[in-house]
Amino acid sequence: MSGLIPLSGPFGEAESGPPMEISDTFEEFRRAESIEALAGLTREVIADPTYPTVRAWTRSGRMAVGCFPVYTPQELIHAMGFLPVSLHGGGESIEISHADAPLGSFLCSISKSTLELALTGRLTPFRAFVFPYICDVSRNLEGIFPRAVPNAVTHMLHLPQNFRSAATVPFLIAEYRRLISKLEKAGGEPYRPERLSASIELFNRIRSEVAELTRAKRSEPGKLTLAESYLLRRLGGLLPRETYLEVLTRVSSELSKRPNRSKDAIRVVLVGPFCEQPTLDLIDLLEQVGCYVVDDELLQIYRWYDRVDPAGDPLANLATAYAQSQIDIGVRATPTTKGEAILSRVAAAQARGVIFLTAKFCEPALEDVVLYRKALDRQKIPYLHLEFEERSAAYEQSRLQLETFVESILFD
Amino acid sequence: MITGGLDLGVGTTKGVLIEDGQRVLVTDIEPTHGNPLEAGRRVLERMVEEANVFPDGVDYLCTTGAARYMFPDRHLQVSDITASAKGAVFLFPQTRHVVDIGSQSTRAIAVSETGRVTRFKMNEKCAAGAGRFVDRCAKYLQVPMDEMAPKALVAAHPKMISSVCAVLAETEIINNVSEGIPLPDILMGVFLSLAQRANVLMRNVGVQPELTLVGGLVHSEAMVRALEQTAKMPVNTDLRSHHAAAIGAAILGHSRLQKLGGRPVALPAVTG
Amino acid sequence: MTLFAGVDIGSTTAKCVLLEDGTIVGKSLAPVGVELIKDAERSLEQALTDAGRERRDVTVITGTGYGRFKVTFGQYTVTEIGCHARGAHFLFPATRVVLDIGGQDTKAIKVDAKGEVVDFAMNDKCAAGTGRFLDVCAGALGYDVSEIGTLSLGARHPVKVTNTCTVFAESEVASYVARGKDPKDILAGLYGGIVSRSLSLLQRVGVEPEVTFTGGVSKNEGMVRALGHRLGLPVNVSPLSQYVGAIGAALHGVERSRGVSA
Amino acid sequence: MGGSTDETRFLTTARDRQREMVEEYYRGLSQAGGPKKPVAYMLVGGNLTEIVRSFGFEVVFPEIVALNCAIKHVSLQNILHAESEGYGLDVCGYVKNDLGLQELGGDTPFGRIPPPDLLVCSFSGCYVYVKWWEALAEKFGCPLFMLDVPYLRDATPQGEDIAYIVAQLNEFIALLEKITGRSLDRAELERTLERARRAEEGWVKYLSSGQRRPSPIEAYFEAVFYMFPINVLRGTEAAAEFYTIVNAEVEERVKSGTYPVPEEKFRLVVEGIPPYPSYRTFWDFFRKWGAVSVAATYPKVGGLFDRGFLHDPARPLESIAEYSLGAYVNQSWPLRRKIIEDYVRDFAADAVVIHGIKSCRSFTAGQGDLRDRLIHDLGIPALYIESDHEDPRYFAPAQIKNRMDAFFESLDRRRESVPLPMVTG
């Protein structure tokens, strides 16, 4: 890229403290004695744009692969000896001053902040990057990424959109084979089916633990705040998966002992933030104003399917699991219709309303909202549509609208 | 029972005292000057004197507006959207759609016959199309605010403002002047452009009669006309509409007080 | 018949410069009103008075700025981009990048060794980060923009001004004032915001020394320091920085009258 | 379209013929629909018009309806209606025009657009295609076939990609046979592809004439006019003949020495969708400076025929698959960059003008990187300007003109490098 400028000084980004240091063995997370403590640690980790867990992992020569939202076959990446890391943009801490130029102004913040991280050297700990084709912006971003990180390998993964064809799974297998050869060139261990089977088993166990979290949030929403469940899930894209499973197992035993401090709040479904992430303040705010978020679209990588069959041809099973997933979000062709999808979700969650929280300029989400709205209007189900940005400035306006939404359901 | 409503806005602070949720005893207003707490206290004191109810004579105080949480001596706070809707329906019972043009934001609100918000939309990214736009125009056209409307109303061929930025609109207006476009046409263009932006929000929410205008521009007949022209329906408004949010807050305070059996208590779960 | 006049009709001010043998012999600066043609003529008259010369001494008049077509009495018009490149090169021959923050727009211009435009980028349809933005926010602090130049120096904990919309920022500033924040820190925060928006434009053309900062906002020392700090480069600012466009226009007139340019 | 009286802009015979074909097409549409003449909606990029037509469907291209609405200055009312339905400012203008138009009953100045009996989504380089067709399916409740076209990451299509598409095409044909109750006439499909091939070769010949100096064609603004047959009527004899007429007339231009501009001053490669609502105004900003587009990427959205992605009667489904893979916006970013760099070289262009579309991410996201690469890595002058392909509210004439004047001014001055006056500043 043309003329890079060093970022520094009091007029630059909000002075963040020294980068967070984590031990190679990730003791901090193993030892964290409570959900609160884990959540606190995770807040620290994601506030630091220099990827502390990745630095800890690569310190001893191991390699990490950055995965752009919303879905990548992380089992496969894991099986080749990499740490798969879920990239979720720059969060609140970074300022965009390089990425506007190559990308353009009318685009979502996550695409810009991800490029900003690359252009300002914060992605150097990564050996490779995988971008699934979830939207035209992420797709083009992959295309311009190599000029920003010349020493890393980048790969565009075409996730199929036709789920009715007999040729879909064979194609996806071929697609995964392309990824494999790219990752082998990047220095990954050669692909071995038995290793993939092992990774699949590990991820299956993680998936069932994560499913437990979401089930708890739905049946006893007072047990776990949305922010807590979010942070615990977010950790799943940052820690070595073996450590993560260990952590989750402890969490679920703690959770079973936790009281369900229930308050008079409105059960809502949260739709939209499947890619760019809202600020933690905004996530807190959603429940502060008097909602229980009992179904959400945040970080779905572990909820894409319940499990993958580790037996037989693991690669084929991995592809089949993706193709057969019934998940219905803005960046995947809908298996039913948007109308049916939203109504059945509201019913399943026994929700009283829907909050659409869509990232600014996220066209797929914006287009779905209209179809969802029509269906909800027909059923007289109240909803609120808010737009957010990962560095959201409009906190007061969001609060105003959320309170109005809650009041409109409570008062009469 | 006397309940108070305080609308602690960015531009101005408005207050009202209401008896039994029915009768407006007194209204008051003063510029906020960046200090809502002080402004709110003064407004409250003046109202208490004028209506001569002793401070404790105000049974329940409900705040609203941007600074609703900055006022400690409150029992309850509600969002200004909830409050304006309630206030508008109190003032004009047939209201089904409320347009609230504040200094920084414009809101379109669909309401039920009881004054409950059913759907709403507001400008977020920037202040394009909010009331502040009119003050700025008044300033750089050197026309006193209260003369804007009368001058605008005689416009023959209003000249719309295309710029979405309240600040950049300045150049456009200066260009219009330099191209010899008559002042009334420019002024009416300002109001029509404002109404057009409001209309985008209104259509998104869905407009149904009756339509009521509340907020800072209720005094401006030109604004009302512009709104009627773009919405293609009559617009309710009167000077009390400026206090709609304060009135709504007081009424919501009253009904809450009744739910509590007349005894004020601490703040509910919905707090900051 | 030896004077070359450059008349720059900007969104907020009209500037005129008179060149004779490559030297500035007269200049003027005045706010524009609604009658741009008159403003343009007045700025030329004032510059002539300043130089103690007559209208008939003027060989060529070149108009620039967004109101350049109002310089109806001139021979040529040139865009302000070309003129800023020229003018900056005239004042600082080693200039490679020009940042111009005017009343309503911000431009970044890349120039070559001869002062020719190589590339440029401009902001769009929003006053965020422009001179006007600064005026309004200074007003919210209770100052005139001309008074805040050095006020921010020595700021310790710059606030974060999150709003880019001028009108929103204005009340954000007001609320910081109400909360008793030090004006130093508020201004520093404002400058930080303006600088980072300028950086996005500078990135488009690519930054290399020397960087010359022009336009009304370059009069503000706090801004100059903030910019230099973020760039990690020294920043040229001339006492004539508001006249750069007009100087460039006059130079264009010189060249054209030699018939060396289309 | 257009309605020009300016003779230097267009090939007169070709333009008149093209007008007839457009009018004929829309006349036909307004009578179509229902079992005897079912209507299929299709997208331009990587479309399957040959197959669908061979089953007797009439084809509607909502993108082309949208751009026609924009040129006729009726797009805004449709867009505003879609926005009142909840579609945000940042949603693609084509989508808003179409969905708004559908809600308003489908009447346009050039005829009524019939509702679809079948929706064919060729997901070929634009994700919005998927969302758009889902919205239509939800409104009309008619069958939707999703042709998933893998993103083209290697200059030559890979076997597994072609196999995937061919398999889907066979499933598509089975669906059509089920809907229409008739089976595919392979001979007829091959004849259709042969006619398509001839049209494609004629179109390529026309576009390549931009390599001459001065260029006898305007490869952006003018070419857009002659795109209709290649995109909408491809596979008909009329479309094939049309380009024979066009090329003959180009030759006359050369003989008579009547060129798109009196004096060709700047040769440009143009990237991006045109600002249809202000098409003429924008064009004039170029003409004023004697600037001619000698090559452009936009006329290739219907297919990159000039890069060898041609239909082939001998390999029907395979060549359709390759054609879909090769759609311009389905080409990976590095491939897109390469295409533009090749055009600059092969057409001896002086500069590149990039027109960014605020509501089209597929085309626009990353064009700043393209600009950066051209200017800083290759030293090719480039201008980036932004408006919209459909929404007139985004076209700011003064700002755009100012940028273009500044750009051409600087090109002009760099031509004859001007000695500076001696200064003692």
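In this document, chain identifiers A, B, C and D correspond to the written order of the chains, with residue numbering beginning at 1 in each.
Convention: a contact is a pair of C-beta atoms (placed from the backbone, for glycine too) under 8 Å apart; a residue touches a chain by one contact, two chains touch by 3 or more.
Everything numeric in this text was worked out from a predicted model, so none of it was measured.
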Remark   = Chains in contact with subunit C and also with subunit D, listed by label, are A, B
Request  = Kindly list the shared contact partners of subunit A and subunit C, in label order.
outcome  = B, D
Chain separated most widely from subunit B, comparing mean CA positions = D
Message = As a test of whether you follow the contact definition, which chain pair has the most C-beta contact pairs?
response = A-D
Note = Chain centres from averaged Cα atoms put subunit A and subunit D apart, in whole Å, by 36
Key: Distance between the centres, which are taken as Cα means, of subunit B and subunit A, whole angstrom   = 40
Ask   = Approximately how many whole Å separate the CA-defined centres of subunit B and subunit D?
value = 48
Query = What are the residue numbers in subunit D that touch two or more other chains?
reply = 86, 368, 372, 375-376, 386, 396
Request  = Check each residue of subunit A and list the ones that touch at least two other chains.
outcome  = 2, 100-101
Request  = Could you draw the chains as nodes, link the ones that touch, and say if you get a line, ring, star, complete or other?
outcome  = complete
Request  = Spell out the residues on subunit D that touch subunit B in their complex, using ranges where they run on.
outcome  = 80, 83-84, 86, 393, 396
Message = Looking at the complex, which residues from subunit C come into contact with subunit A?
response = 121, 124, 155-156, 158, 160, 162-164, 188, 191-192, 195-196, 199-200, 202-208, 226, 229-232
Query = Where on subunit B does subunit C make contact in their complex?
reply = 10, 33-36, 104, 125-127, 130, 132, 163-168, 170-171, 174, 177-178
Touching residues (chain side subunit A, partner subunit D) in the complex = 1-2, 100-104, 106-107, 111, 133-137, 139-144, 146-147, 156, 158, 160-162, 164-168, 170-171, 174-175, 330-331, 333-334, 337-339, 360-361, 363-364, 366-371, 373
Key: For the subunit B and subunit A complex, residues of the former touching the latter   = 66, 78-82, 105, 114, 116-118, 120, 122, 124, 252, 255, 269-270, 272
